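Paired with subunit B in one complex and with subunit C in the other, subunit A is shared by the two complexes that follow.
Here is the complex of A and B:
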């Protein structure tokens, strides 16, 4: 399992925490970790990379001697620098270590901070439990110090805030302060930036990096984002289904990966420059423009490569010589398939959308980029008619649409389809996939049962789910498969506009790659227009011809993807671009 | 926060007003004539007419309603048709007796329910949990009179003849001067109310114990006792407070059966008597009283919910 490099680090005398052949199984007997080994050294951050379900969080929590309900330790050891086995300790012994010399930063700070305790009190609690300092005054001083360390205000007012009064990034920094308060030797960080915006993520990563280097803390950074690994870690271990399949320094693993799985992971990471292909479809670089709706049939199934134009690529770039067609529809409503003009929406004093003008040409893919709270999902929902509280107008093929879905005609509803963020909650768990996908067809009431079944099968084929999926229920599908089923449901009525709301943000990178690949292929095949709503700017070149940047309910930058990325007009776009982690 | 509570209070008053209208209309619809009920079948038409005049029965309905409502505000509940005495005086002692019964039952069952429910949640799946959930399910399934009769059989008949089965306070003395007589009625009420509190407490506690911040508290090295008391319990209290409120409000009605069973001189007995005697004024007063109780305990539950949730607390202040 562990490669040469892992062996050398484990035998190095400097290791403060060493996992040795760690085995964890469910109480039912299914093994989750099959003997995982790694070593953490002071001042260095090791990244533990893998997909959801690979056992990385289980391994991270084992470092604190904690196993979630239903899991149990079946073999191996966690050795500390004085070669005591953490897993052999009594409950009281483990408690003394937890939060003291080994601390934990959770994935979702909003769930992990006690909502009924002031943040200062929560940090003080960990200091008190571990007897940090001899007096309360000393602990208060440490509290102020550690808040400053993570870049938060340390005044008494701030300490008296409740968790819900902080932003996500601030909450996460409180989490880090709490983990760092007792000056631990080891910090386990479980995807601490997954829920954060790029700008906040950059800040948090910087904080972690500084703390580790300045105070000689050993870090275990659990993540699925390889770009973040390159940014923050010095060593990396790649996990696959409960095994470490590759380990070594970041340079070795990321730039000359040995294991097939590592290479696959690396290939899935979207990059801003669009140099790499994620999945089978090449990224959209400068010369690509609008998909030609008529060229759909031409799109061959042969995979294209990044450098040589093949069938599909040719189809994509067919209209490249007429740049006007690609860039002009934005300003000119006449030719636009979907046009949004002066759309406004406010909840009380909170102006969520502040005069949005947007146009989508036939066969065009546009990315709507924005951080959480920018109003991007609200805009998408207004377009689809799911939110009818807006002012302004949404027009499809020149006809202004009614505000809510209930007032829109069946045909209008068919033409705009929506794919939701979380495939885990957007499919009815009690219905089979075929039943779920069939719903839009039943609503249109045009086809009989047999014809509907055939259509459903066709749609599932389109999203590369075979006939075997027809009668399964969502619970039996992986996240990626569920999202494919959700896409099939949107496709079944052959929409003109597909609105994709953060469709990949709940998925692993490798699954994200395959979904992006699928969406691009579908777009080429069917010639539909697509509005791709996301917070992940790195996907821009992989999915969209045009890019709109949304900030606080206004579009601050809009243009062909390449232009916006290379020559951003607004300071906000520039800030986003500098904060994107890259390999 | 204050404004939020005041708003709830205002809504409660409106609800009470609506209830008073419903109660008044409902008693109007009751068959029979109050004057006839008081004077009996043999009354002469002249005397009936005189009494109607005296009781304002000839006034328009809205005027009678307003007079009655005005009386409620100053504590004048009218005159009992059956005894001819003031309703307030008639009920005063009985209300006190019933409140003692309910208060004792609440003081025992709420803490006990919370403790047992928490214990059950912590020992989830173990023998203690199975015993607690099993017994509480059986008790929840039994009607209160069955529990009462069973207790009487066990504790005051042939098995253990140690507790009195009926309440017999000499007139003029208070029921609480004889605590031994209170044990069985209180115990019956406790056993009826507690199962729901236990089950709700267990369910919310299990949910809270699985939450991220409890796991985080454990990963901070906080001792288990402190994890339960500081990190878990406060979050389980609000939903349980709602159940407690519903249970206490139920007590106000459920007490009728239990009081009847133990011949306890409380409002339940009074209500049963009043309905038998067509004593409209007493029925009205008691209905209003029970409505007030419902509203007060639910208001208290809302306040507990607000107090344990800083988000609600601070939003009100903004």
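Here is the complex of A and C:
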């Protein structure tokens, strides 16, 4: 580890901030960081990469001399300009430093800006607190300057706006402007683009990159997204459970990774071109390994023919669809399993869905792609009957369905299943996994308790959670395991359509990879159709045969995945494709 | 400095999450018991409850008299604590007077909890018109002072046990309903309730199995608090002569009967006052620590 950091510093000997053997522990004595070292150089951005719980945010906040409640500094130092140790400073000294020489950009701009304060005032406040400039006029000049720097209009009108009048990307740029206002030497950016759409993310990343290069600011970019790292950073340190396991330039680490954890992370990153196969996760996070010989052959086939599931396991699927139906799904709309026609939904003046026509054949997987606010979740919920305020029709095997789930027949309810976005919210924390998973069976009322438990166990086996999970509660499970349990609940009645609403967006990349792997295997095994709703276009080739692009309640592009990606018809799709960060 | 002070801590970002997810957090009661004040509260409440429960069984064996028997002349220092206004043994009346108070208080609290939590959950779950009707009805009930409402009902219906329990239960209900509604409305937005909805689980079952278990924390706190109020209300009504009726022994009634001789024979007042005070302070301590214990669960979520 130490040799690697030495390497980075030799290229630019004047490190502006240097963490050396940083150790942080909980007040209970459990060590969170076991001696983390890195160095930041002016004009360059270093990325700190790791999964949830790896300690990357703790390390980032330590650069500001801050430790979250319950954590304390137990060893090592953070040197600013090779002279002052940040962690030895008094509280007053640290306060002066924060926002001045070292500044911080938090993850969610909507939470970090004061909603009752005009944005110009908020930036001015930072300048005043740090005594930037000698007169108010000087500070106002700086305010205009910094707004221009982050690519926002600097006129008085704009400065008088409230945070809610800005888009997410603009809010985040205001956050960056606040951090940048006092000309800091170091900026700590804590996942600043995680909540943003790809197009906005591209803009924000560009802003950060330009700022660092133009003003010689050193950046510490905390993220879990390796594709973003490739776009923005020049150096990278990979963290695993409180240790930096690999560090070096982006080229070295991302393209010839040495540590097996880095390799595993890289393997999990979804790839728009479909060259790599994601998944096949090694056991490093404790997630169950997905062993699926067929998935290998599938991924090995050419991307353009990736729409054709080749290695189908006929033995497992008793009601597997005709291969022909899966090969040419677009042609047989008449015999479609699920068809949505002219679906409309409006809340007041806000037209959320504006005439959606969609058909899903048996055994087909379709991705529904859209940014936040495009209406994708609303559409998914209308199909599942969770939202009954729509007009138009949803038909299953030719029979038009009632609008709400309670009006639909038990059989119709069984056949369409819905998996929720957040596994942290979709399972009742007071129920055991078995109790949660058996709810759909209980409602059908055909089986007794013993049969139900056997069925639940079967479903848990399908999602690769063993019988040991039956009597655990969600609090004892990791995010990925919870999502598997939620999928098991959807599978327990053997649905014909599985609607997955952003099921991986709350999960780490490696967990995402294993969930995607699982869903694909399940889809092939059971022959169910799947509607995979997501905002992440990079997953397209990994999950779906067809791709529908949703924008402002309309489907703007629809076709086989390969066709849409290689030959997008709509300008919106083209814009999305150009902005996707990639390795 | 707002940029520094605001740190977004998403659940999956804090390093402690992993450890927390693996260990089972100790249950609500175990966390409560870890606090010193909970132990003190349990000891205090336990002592009074013990006296109240065992007391009636000891009569007349322990004191030689039942609670309604005349042992001598009024306000004489006969026996351990003397005699009361009619010459009955104070200790016997004290030992016999607690259980009825506790049972009435418990029944009233239970009734209030059932009515209040059902109304609150229903209002939160259904929303819309029903929510408005329930909550505005609550406001009307809240506008009537608890004791005045009880006085009114008892004067009309007569001072009987069931009237006492029902009236106090009903006056508790709107307060409990408010707490329940706010706790439940946070749970109802969770996806697992939507999932149950999707599987067409009957609505009462969603409330009983998905919502109720997730709001037990605030409800337990409310339960403790309302229990204290019930005890106080029944004791006050008895004091005013509208609760337990003579010659039945009751702590509130004893205070009223014997207060005229406070300087001559103070035990007739001091004993019941002490018991009620210890009980109230004890149950408040328990409630407090329950509240703290359930707050730590909320935080760790």
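In the analysis below, the second predicted complex is superposed on the first by the 516 of 583 C-alpha atoms of A that agree within 3 Å, B and C clash if a C-alpha of one lies under 4 Å from a C-alpha of the other, contacts with A are read in each partner's own complex, and residues count from 1 in each chain.
What we mean here is this: contacts are C-beta pairs under 8 Å (C-beta built on N, C-alpha and C of every residue); 3 or more make two chains touch, one makes a residue touch a chain.
Predicted, not measured: the structure shown is a model, and the values here were computed from it.
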When the two structures are overlaid on chain A, which partner does A:430 contact: first (subunit B), second (subunit C), both, or neither? second
By the touch definition at the top of the document, which applies to A:384: first (subunit B), second (subunit C), both, or neither? second
By the touch definition at the top of the document, which applies to A:112: first (subunit B), second (subunit C), both, or neither? both
Just to be sure I read the superposition right, which of the two partners does A:475 touch: subunit B = first, subunit C = second, or both, or neither? second
Touching A:165, do we find subunit B (first), subunit C (second), both, or neither? first
With both structures superposed, pick whichever of subunit B and subunit C touches the larger number of subunit A residues. C
Looking at A:129, would you say it contacts subunit B, subunit C, both, or neither? Reply first, second, both or neither. both
Partner chain in contact with A:99 - subunit B first, subunit C second, else both or neither: both
Report for A:57: first if it touches subunit B alone, second if subunit C alone, otherwise both or neither. second
Go through subunit A and flag every residue that touches subunit B in one model and subunit C in the other. 61, 64, 66, 68, 95, 98-99, 103-104, 106, 108, 111-114, 125-126, 129, 178
Sort out for me which residues of subunit A touch subunit C in the complex. 26, 30, 32, 52-55, 57-58, 61, 64, 66, 68, 70, 95, 98-99, 103-108, 111-114, 122, 125-126, 129, 175, 178-179, 190, 242, 384-386, 405-406, 408, 410, 413, 418, 420-422, 424-431, 436, 439-440, 443, 473, 475-479, 489, 506, 508
For the complex, give me every residue of subunit B touching subunit A. 210-213, 215-224, 226, 230-231, 234-235, 308-311, 314
In the complex, the residues of subunit A that touch subunit B are 61, 64, 66, 68-69, 91, 94-100, 103-104, 106, 108, 111-117, 125-126, 129-130, 162, 164-165, 178
Parts of subunit C lying in touch with subunit A, wherever the complex brings them together: 1-4, 6-22, 24-25, 190-192, 194-201, 209-210, 213-214, 301
